[in-house]
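Across the two complexes that follow, chain A remains constant while its partner is chain B and subsequently chain C.
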Partner chain A sequence: MSIEQHPGGPPEPPASAEESSRQEVQQWRELRAQRLAQLRPESWADYRARYLIPTISFLAVVAVIVIGGATTPGFLSQTNMLSIIRIAALTGIMGLGMTFITMSGSFFSLSSAQTGALCSISFAAMITWGWGWPASLIVTLLIAAAVGAVQGAFVAAGANPVVITIAAAAAIIGVPAILTDSRAIIIDTTEAHVIGRSTGFGVPIQTWTFIALIVIAQFVLVRTRFGRAVTLAGANREAAKAAGLPIARIEVWTFTLASITAGIAGIFVAAQSNRGLITNLEATTLEVIAAVLIGGTAIQGGEGSMIRTAFGAMFIVAINSLLVLRGYSPAIRTLVEGLAVVAGVSLFWLARGGAKR
Partner chain B sequence: MEYLVATDVAKSFGEVVALETADFELRRGEVMGLVGENGAGKSTFVKILCGMYRRDRGSICIDGEEVALGSTARAERAGIAVVQQELSIVPTLSVAENVFLGQPEARAVMTRKWLLREAGKHLDHVGLEVDPLTIAGDLPLAERQMVEIARVVARDAGMILLDEPTAALPDDDIERVHEVVRRLAAAGRSVVYITHRLGEVFELADRVTVFRDGRSQPPADVTDLDGDELITRMLGRRLSQMFPPRATSVGDVVLEVSDFRTEGLGVPASLTVRRGEIVGLAGQLGSGATELLRGISGTQPHEAGRVLVEGTETVINSPAGALANGVAYCSGDRKFDGFFANRRVVENFTAPGLARVTPRNLLSRRLEHRLASSLAGMVSFDTARLRHRVSTLSGGNQQKVTVGKWLGAQPKVLLIDEPTRGVDVGARAEIYRTLRDLANDGLSVVFATSEMHEVLGLADSIVTFFRGRQIAHYDGADATQAALIRDITHPDETEAA
Partner chain C sequence: MRRAQRTSVRRGRGLLLLAASLVVALVAVGAGCGDDEPKGADSKEIIVFSRTSSDTYQAAWQRGMVKTATDNGYTVTFFENNADQNEQNNQVSQQIGGGAEPAAFAWMPADASAGAATLKRLSETGIPVFQVNQLPPAGTEDYVVAYAGVNDVINGRTSGELIAEARDEMIADGRISASDPTRLAIIKFHPEFAASIDRLAGMRSVIGADIDAGVYEIVGEAEDAVDAATGFDAASSIMSRLQETGVDIVYAQNDASAAGVIQALIEGGFTPGDDVEVIGGNCRDDVSDLTSGLQFGTGLQGAELEGEFSMQMIINYLNNREVAAGEYEAPATADGYPDWPETISKYNFIPNPPVKGDEVDGYRLWGQSMVAWCSY
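The block that comes next holds the complex of A and B.
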């Protein structure tokens, strides 16, 4: 087992303590000492970059929970908390895929919700055809991947990602709308319950999937060649091109990943509600974008983290739930969500040094 | 007659002292050169003068009266105008509209007639003879620079700060900018002229103020100085030799380019590069020298020609393809496509050689750190700064990262456009030495430049370019400055001239 496969912390020095490896050990000790020294911030700017920006979305979640718990009865109840983490999982899973797109400098996909709806319908239909849940799941995700890859290919060819995904959103929702006549496809068996309604240790499977995907996505982002290429492509597209990074392939893959995560969310919705419907996940695209932004991913790319996107999603969902419990209308909730995005983005702008950058 | 006097001006950012103390004086109608290495406090002082930073202490008086200069608007009202290094011309507007951009005297509705008349006046002041209704983006760089100056002049400022106005200009056009500066001074305005080209100081300035290590030196008459003395004042030490010795021997042909045409290089050009050799392509902006490098590296498409790398015919259509064939191209515009400003130095260093630090597609922090350290060593970049973001580095250090990162892709040939643009004297010498060391280790280097002393001092062989065609080929040791300048400015005129 080679050392680069240990993601966390400095790995063990090589076991065979030969003459040659003594040097290695020495090198490692130095590197470790260096890392310790690096934990101390050097300046306010450094502090901001290293500690403030990464924790803003986490602190926002904590703030909502504390304020909600203190002011609103029932907010901290088990049912409400479970409902929050179940919904946050859907927004969050989609957010992880979206973060890849944003990190690479291609802003957002505006077809996430529609891709999710398409997948909920295709999954429900396949279940009713008697395909069984594993086959339905895999085929549906392949459809999602194809839909994303096509959009990514357009973007790679030079199309504006926003324009392409708006157009794609209409097309993606149009086809199943015609085929189903905009009616729900009802799953009348318990075939999908294993995906939609099972739990582990009392926590819904959606949330477990979310947690697993956070870990995987974060690993891919910071510890793989692909993740680094995505980051560099967003940090400076021209420099990335000059450095020989495969920009077109990166575009296709980021959009494919975003589409697959939207598909996963769509499947969860269908499996949980037993319905495939074109209005499933309606209007979640903006919530997903809000999650990415509140997580502090730079809108022009090249800076961000999956964990922070996850907290961004929890924040959006928690504040929504709080407003529901307090009896506010959907209009007010949308307004608050919008204000939270504006506040979050402004805060990051200030934390990154304001106009000086 | 002192127009502006600054006494003991200082500025810190947190614990970082950017400007320890600066004393400065400026007479009416004088051109004051302002020089200093990057990080010497020069730009901090200039930003205080034009209201972008607030000073921590010290006084600034204009005509004997203390001024606050708390914001750019206040500085403007106090009569201080700035021509920034990065042009702020709006390329889609006409020249006349640009002149009145943000101008208090601009009208709400500007008719063509009014624009023509009023803008014409200001353009006359700077000696720019273009139709005021031309779209600014269509003008050559030098003329856009003059539109910028005209705009500043239109504000009727008593003092005009020019921040490296000629950094991106070829020699011919520099003279036009100088002419404008002389006019302004003759009209009684005071000019502060910031430059990295020391020759300009002697050509243009009456006096010069040198910044070093966060302090200003007392102003000196340029007639009391020579080039060496000025460099010594900037560095605090004598620059015994700017350039390392030439290659003693070169190896086999590594890169052979023949009948090569690309946009901006209309007449087919040829080039032969040997192992361990440094080839200098001399030419002004638009001469075809840069274009040849861009074409070879696949950064811009080539129209015709053959490229042989180590004797094998190679078709290169993209930078990635060039790297795969052992050819790296380092662009002259490092901000645009040279570095990743908000990422750490380590990540910048390892970008072109990413595959080397990601065995089985997984990133190895150990390999990455090792590669970055070794590249840093090659370009004498301080390894203690490997974790800093590139945007926080000085121009010289940014250039080291920009050049050094290509070595990670283990190229056989390194093509560099303007290797020392926007880099101070001390760092320049270091970059020259680095390139020579690399060449001695077997790398072949081809660089394009508009600075004649650079090709003369560094290159083993020299090729000159003029308006999209190759002019001549020289051995580095035999070339003369006169011959090169003739080649790159007016190769077609007879010797008698």
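The block that comes next holds the complex of A and C.
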């Protein structure tokens, strides 16, 4: 992109060089050089944010699918593809909420899995109490929102988000463990199947929900004042404060949204398996974080996308499926997942020009 | 004169010191000789190092331990770890360092091999140590007075018997042909989990020769299935292969994961109980899949039952301090607890009877219905 094409380019040269002293010309040249130095990386940043990083995320998923399809019988079958997008939906839904937190500069929530487990138990309990699935769903999501808002309030007050969410994870899982005496809550009716087992056009409802949430979350992130405030808060916290953005409110909302998405995942698990368990979604926290990172969201915030997080979730589940079908052990699969995160984060770091963010 | 006085005083002091030393030595020797009581004999507390009760099996197991201990006048203190051997090692160090002297220690390691050194330290306290839930690995048997609990090899054997029975029924019904290999899929716990390894060994002890002879063909394996959600994910991950090859019998290592497997099979176009039979490793959570015919059968390994049995064996030992060599497998009596042996064995196992779906409603073990033992 040339300097002339960029809006707000460098100042125009004096109308007549003869009328300017040599000193003024020199000053103008220095100013232009400074402006060019500012603009060139920025245009590159525009390019890589808009095209390069999303392209890498997308190509990573495509590469796994192409390699899997070429090397592994059954990988590209309709059943396996549906299985991948169904499993990816839970990781992805939680990832969307997590992306808001990461984008805002608060790194991650380490209590997402426990919030999901809590919600699976509360939803299952309410169904068994005969509340019906709509009321059970709404009340469970309100509980999730409250759990997230409390954590967000602590973070807004200056607490470290990692420490707070670790502590919250213990507390969140402890309460239902005490209340249920660590027993499974069995849903002995088919009432929850409308949420857990129904399909539309052969695609599971979890996947449709995931797709709808990607659209909504991306719209909120890009097209709303809240979304832009989240991005700015993560990109430059001091500038955001100076601009008068309500940082505390942003923290509370991002943690609330992340908690709600974890709650949705918990409800889906309970409805699908007919069980509320404190071990539900137990191992998902790291997968969710991996999805966000492989999606190219900057760890320190300010840059990211919901669509890319969705690609990240798809990538993790697809590569896991490929390795299972090829008979690799869980140890190998965990290793590959870890390497993918390292490779992804390194690649995005290079794509960002090796900047600190 | 003064010198004589000083000498006399010195002699007196010397005699006094000698007398005092003799008294101290006699007291010490006397205390040692008279200590016939084993260490911790006066205590009515049993300390248990176990995995976290956030797991429903562990929680029910603990309830069983507490029930039997309370009935016999003992209290139980649990030190739980989150499947972390290092955390458990630290807990043991704290108890030893703090001078704990309970009547007995019960040791449920997170990782038996990795915890061997800690088990040795525990045994060196002189307080009886019992291993529970997970068999002691080779070389650590001498560190424990006895083992009391589940035998995952027996559990796997039960599953192997059920697999063979399901095959026979399917052949008899004309659902599969005896001349074709029976297509078997296996949904496991984490493959490095000792229970998974032992259950597979037990299963292979029954049908391993048939697998090798081609009577069974293993058409798919998936891991990391411990509950309904992970069971569903594991089965879904190999569903395309199962659709391609077909599958006659699926063995899941517990019934919770079997529930997820059944749902994945239904969504994959199979009909459990008709074109495919599902065998669960042990009953868990609920029995609705068994009673509805979606699941062929399971092993009755109740968590609370195991906890009660382990504690009973510890208390029996504390009553007479004797251990017989060899194994004891508690009988699967229907209407009440069996007559416990006065002298426990080195290895004491709970029963693990196979139960088919149509037997569940009337099945009783140790005075309780199967539904009661298996719902937790």
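In the analysis below, the second predicted complex is superposed on the first by the 304 of 357 C-alpha atoms of A that agree within 3 Å, B and C clash if a C-alpha of one lies under 4 Å from a C-alpha of the other, contacts with A are read in each partner's own complex, and residues count from 1 in each chain.
We take it that contacts are C-beta pairs under 8 Å (C-beta built on N, C-alpha and C of every residue); 3 or more make two chains touch, one makes a residue touch a chain.
Source: prediction; values computed, not measured.
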- Message: Tell me the contact category for A:53 with respect to chain B and chain C: first, second, both or neither.
- Response: neither
- Task: Give one of first, second, both or neither to describe whether A:302 is in contact with chain B, with chain C, with both, or with none.
- Result: first
- Applying the touch criterion given at the start, work out whether A:77 contacts chain B, chain C, both or neither, answering first, second, both or neither. second
- After lining up the shared chain so the two structures overlap, which partner does A:225 touch, if you call chain B first and chain C second: first, second, both or neither? first
- Determine, under the contact definition given at the top, whether A:127 touches first (chain B), second (chain C), both, or neither. neither
- Task: Determine, under the contact definition given at the top, whether A:242 touches first (chain B), second (chain C), both, or neither.
- Result: first
- Touching A:85, do we find chain B (first), chain C (second), both, or neither? neither
- If you look only at chain A, which of its residues touch chain B in the complex? 2-5, 31, 38, 43-45, 49, 222-229, 231-232, 235-236, 238-246, 298, 302-303, 357
- Note on the structure: In the complex, the residues of chain C that touch chain A are 53-56, 58-60, 63, 190-192, 221-224, 226-229, 232-233, 236-241, 243-244, 256, 259-260, 263, 267-268, 285-286, 288, 375-376
- Within the complex, chain A is touched by chain B residues 13-16, 299, 318-320, 322-324, 329, 331, 336-343, 347, 351-352, 354-355, 358-359, 361-367, 369, 387, 389, 391, 405, 409
- Query: chain C touches which residues of chain A in the complex?
  - Reply: 73-75, 77, 79-80, 83, 86-87, 173, 177, 181-184, 186, 188, 197, 269, 272-275, 277-281, 320-321, 324-325, 327, 329-331
